[in-house]
Amino acid sequence: MSGATAASGRRPRSLAGPLWKRAVLPTYVLIVLAITLVPIIVMIVYSLNEAPNGRLSFSWQGFTTEWYRHLFEIPDLTDALVTSLEIAALSTVIAVAIGTPAALALARYRFRGRATGDLVILADIAAPSVVVGASLLGLFVYLGVSRGFGTILIAHVAFNVAFVVIVLQARLRDIDPSLSEAARDLGSSPIQAFWLITIPVIYPAILSAALLAAALSIDDFIITSFVAGQTLTFPLWVYGSVKVGIPPQVFAMGTLIFAAGALIAVAGLFSARRSARQTA
Amino acid sequence: MGQSGEREPESPTGQSVRPDLLRGLTQPRFSRRRFVRGAAGLLAAGSLGGAISACGIAGTRDTGWKDGFDWDAWWSEQSKQGTFDFANWPLYIDRTKDGSPTINAFSEKYGITVNYRPVIQDNATFFAQISPVLQAGQSTGYDMVVISNGWQLTQMIKNHWLIPLDHSRMPNFKRYAATSVRDPNYDPGNTYTVAWQSGITGIAYDTNNIDREINSVKDLWDPAFAGKVGMMADDTELGSVGMLALGIDPKTSTPADWERAADLLRKQRDAGIVRQYYDQSYIKALQQGDTWISMAWSGDVFLSQQSGNKNLKFVVPDEGVMFWQDNCMIPLHAAHPVDAMMWIDYFYRPEVQAPIADWVWYISPVPDAKPIIAGKLDDPTVADSPYVFPTPEIQRKFVAYYDPKGVEDQLKWTSIFDPIIQS
Amino acid sequence: MSTKLRTALVPYLLSLPAALWLGIFFVLPILTILGVSLMTGNSIDGWTLTWNFSIFGDAISTYATQFGRSFLYGGISTAVALLTMYPVAYWIAFHGGRFKSVLLFLLLLPFFVSFVIRILAWQFILADDGIILGALKDVGLIPEDTHVLSTPFAVVAGLTYDALPFMLLPLYVALQRIDRTQVEGAADLYASASARFRTIILPLSAPGVYAGIVLVAITNIGDYLSASILGGPSTTMIGNIIQTQYVNNADYPIASALALILMVALMAAMAVYARIFGTRTLQEHVT
């Protein structure tokens, strides 16, 4: 996603300005970042709160790391989390597997039905979750398909595919196709050209599409709530437990997920600096 | 972007981003051919959709057991299997880090493996999940489920989706069950259900913010509390409290009564008295001070008081208090019905009931558990609580909900009360 | 098989799995609800196709308020999200330097945490006597009976908050694709910073703006969670109605009709917007 044409670092005089003016935007960005982090901070703080009766309390009762030590104490919650992770992983893999060739077809080839394909992809992204969820449920009810892990997976792949196709199509369009054409002229088959030339170039896009798909899948609530049957995913379980009081483990899990993501960001920062230094 | 007359340069990537608006509005967008193809496509799609649905969607009529089925004979052929699949609401049974002591004890005593699944969060959602299964004549995978009295339970009964209980296998119910849970209006003679726990819907208020005595349902309409009143989003609860405020008995009410109650509720909302229509989160609103007075369930308030909110007080209004039950029942096609019956009989023993009541803090269906909680479990807070073991005075104020006669009846009710909540 | 035929078949084969999956699990259900909306019946007797087109009229007239409200809340939250995130996307794309990806990731990171958790946290933060309001009230800046929860403001705030990453990403992608040499060339020609922004950066970022608006508006207009958790008596959105009708009342025809109307309205709005701003194909400008 980092643009190849960015002339970073070199800033002509006319784009700079007095210090206070230059500070406005970065300060604003920091403020926005802080606001997006506020609920996360609340989550972290109250995951360390004592909770009598095992239900999360928003009044401070005392510091404890108990919930991290007994993270998997509630079997249904753990099951729900595991289910969410499994579905995220599976639906991402399937979506990438069937979305990448579709993106290739839509970006590189002209064929009948391309416009329809584009429209369907667009509609898939655009369709409101309530509509998608309700209509899928309707289909499953009508066909007598029992709702559970399978139907959730089906639904998640259905919306993930569209995001994968969109991201990859954009990237493929940006790439110069003459590279693959040159490879073909030099004798490689289309498949070879694809694997050896195209895939490595779009690999980062595939990764970001996969990441997006996984995030959407883990957090999906509305569509999943319609097609889950009696299976529970993490968001469904948490939402259901709100009524009786959520266990603090939920906040602890959320904190850990956040921490994992932050670590990945830091790792990415270091590897970016290293590779920048290496290529310099 | 109204810079008419100026031509923007095209970007190197060839995107034309600044249209001449006039030209844009008058240029033909669709050639006739494209239009015809598009219309044909839509028509085909619509016909396909229509064709698919032409068969319609089946209803639940006649998908349960047939009239005249000999249940006595059927029960005499059943025997214990050694497994028991039990779906319940969360936090509705005693629980320690090693699971539920009651379940473990039952398991050990009878050699039955219990699969306890606290998956029921909401009657409507749960019913929406199991009804297609039952409609297809298949097993839900549960031998026992717990559903509150209401339209979903009534449908289970009317659709013949419940196995009538074998009363000969549950003598402890006959011996120990409280009068208030016997022979409910929605299930005469306890043919299909027995109470798991019960509760009452009264009023809770914050003594920190409200000085005066609260003892009437009409206090929920007091303009002095404008913007600080919590009402329930459940249309059954809401409609019932509206009728109580008018002195109508919900059990025998008519649609005309419902309209009157709806008018009263609408006035309450339009006057800005209602802060919000809450699901079970009303208690959090009370605790946080978002509301000062709210419709409330006895157990929630009791729990709140024990968790540090001593300022919250629960009131049984003069007009009456709605008495509801969460009921155990055996769904059709259950694989281990005898094991389920054994659980019911076990559950109604006072010494078994005591630790559950001591944990759950809703109304226990077994009054004889009270001395055990006071004595052996040494918990006078629970034993003396009128909200776990209601006094006769409180029991006199119990009011039953309206039981819908059929689907049109229910639809009439929701069409009258839903618009108040979902305006 | 001739090479020509094989080449011609390639795109079809490539897109076949995805086409099948979406055909069966997306297109077909949408078509089915068209049929269901035209049925009459109830849960006991079942439903039969009666070509009941009047249901669309009934749906619109009964729920006109909720439809309007959904578009209003969705529109406002989209506009706020756009105005909030545009400067952020701009700054990261143009001045982010080495830290671009990291910054982007950091801004998106809070949204990896389940949004149910986030909404609960907001419920706590926005409580009447909570951290923010309580402090403001103690200092005397706002009257004692001010409350944010259970108001339309809270619902729109919740919608806006959840929309931020979906707005940020397309804006960022579009902005960082802008050729810097054009901007610098304008600078060389003595264009001021604001002129450079107005005439070059802003128009070139239009596809990103469009994509962001589409993504966010669609998600927000059809949402029901923000309204149900943060809302009050008169904040019901059309998503809530559809959900209730489907799950609680099992009134499939009206729920399907509402869902269809919502989707058609959204797609029509998108098409109108696209036409006004002169996009050649909708597709090009989502990416």
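What to note about this one:
So that you can tell them apart, the chains are marked A, B and C in the order they are listed, and the count of residues begins at 1 in each.
The rule we apply is simple: a residue touches a chain if its C-beta (ideal position, glycine included) is under 8 Å from a C-beta of that chain, and two chains touch if they have at least 3 such contacts.
What you see is a predicted model, and the numbers here were worked out from it, not measured in a lab.
Under the stated contact rule, the graph of chain-to-chain touches is complete, every pair of chains being in contact. Chain pairs B-C and A-C differ in how many C-beta pairs are in contact, and the one with more is A-C.
Each chain gets a centre from the mean of its Cα atoms; for subunit A and subunit B, those two points are 34 Å apart.
Mean C-alpha positions place subunit B and subunit C at a centre distance of 31 Å. Computed centre separation for the pair subunit A/subunit C is 16 angstrom, with centres defined by C-alpha atoms. Along subunit B, residues 52-53, 57, 281, 288 each make contact with two or more other chains.
Contact of a single residue of subunit A with at least two other chains is seen at positions 58, 142, 242.
Contacts with at least two other chains are made by residues 28, 32-33, 36, 124, 127, 179, 252 of subunit C.
The residues of subunit C lying in touch with subunit B in their complex are 28, 31-36, 38-39, 41-49, 65-66, 123-124, 127-130, 145, 147, 149-150, 179, 182, 199, 203-204, 206-207, 229, 231-234, 236, 240-241, 244, 247-252, 275-278, 280, 284. The residues of subunit C lying in touch with subunit A in their complex are 8, 10-15, 17-19, 21-22, 25-30, 32-33, 36, 84-85, 87-88, 90-93, 95-107, 109-118, 120-122, 124-125, 127, 161, 164, 172-173, 176-177, 179-181, 184, 187, 193, 214-215, 218-219, 221-225, 239, 242-243, 246, 252, 255-256, 259-260, 262-263, 266-267, 270, 281-283, 286-287.
Within the complex formed with subunit B, the residues of subunit A that make contact are 52-53, 57-59, 73, 76, 141-142, 144, 146-147, 229-230, 232, 240-245. Interface residues of subunit A, counted against subunit C in their complex, comprise 1-3, 5-9, 12, 14-15, 17, 25-26, 28-29, 32-33, 36-40, 42-43, 46, 58, 97-99, 101-102, 104-106, 108-109, 111, 113-115, 117-132, 134-139, 142, 154-155, 157-158, 161-162, 165-166, 169-170, 173-174, 190, 215, 218-219, 221-222, 226, 234-235, 238-239, 242, 246, 250-251, 254, 257-258, 261-262, 264-265, 268-269, 272-273, 276.
In the complex of the two chains, the subunit B residues touching subunit A come out as 52-53, 57, 89-91, 97, 117-119, 121-122, 129-130, 132-133, 136, 141, 279-281, 288, 303, 307-308.
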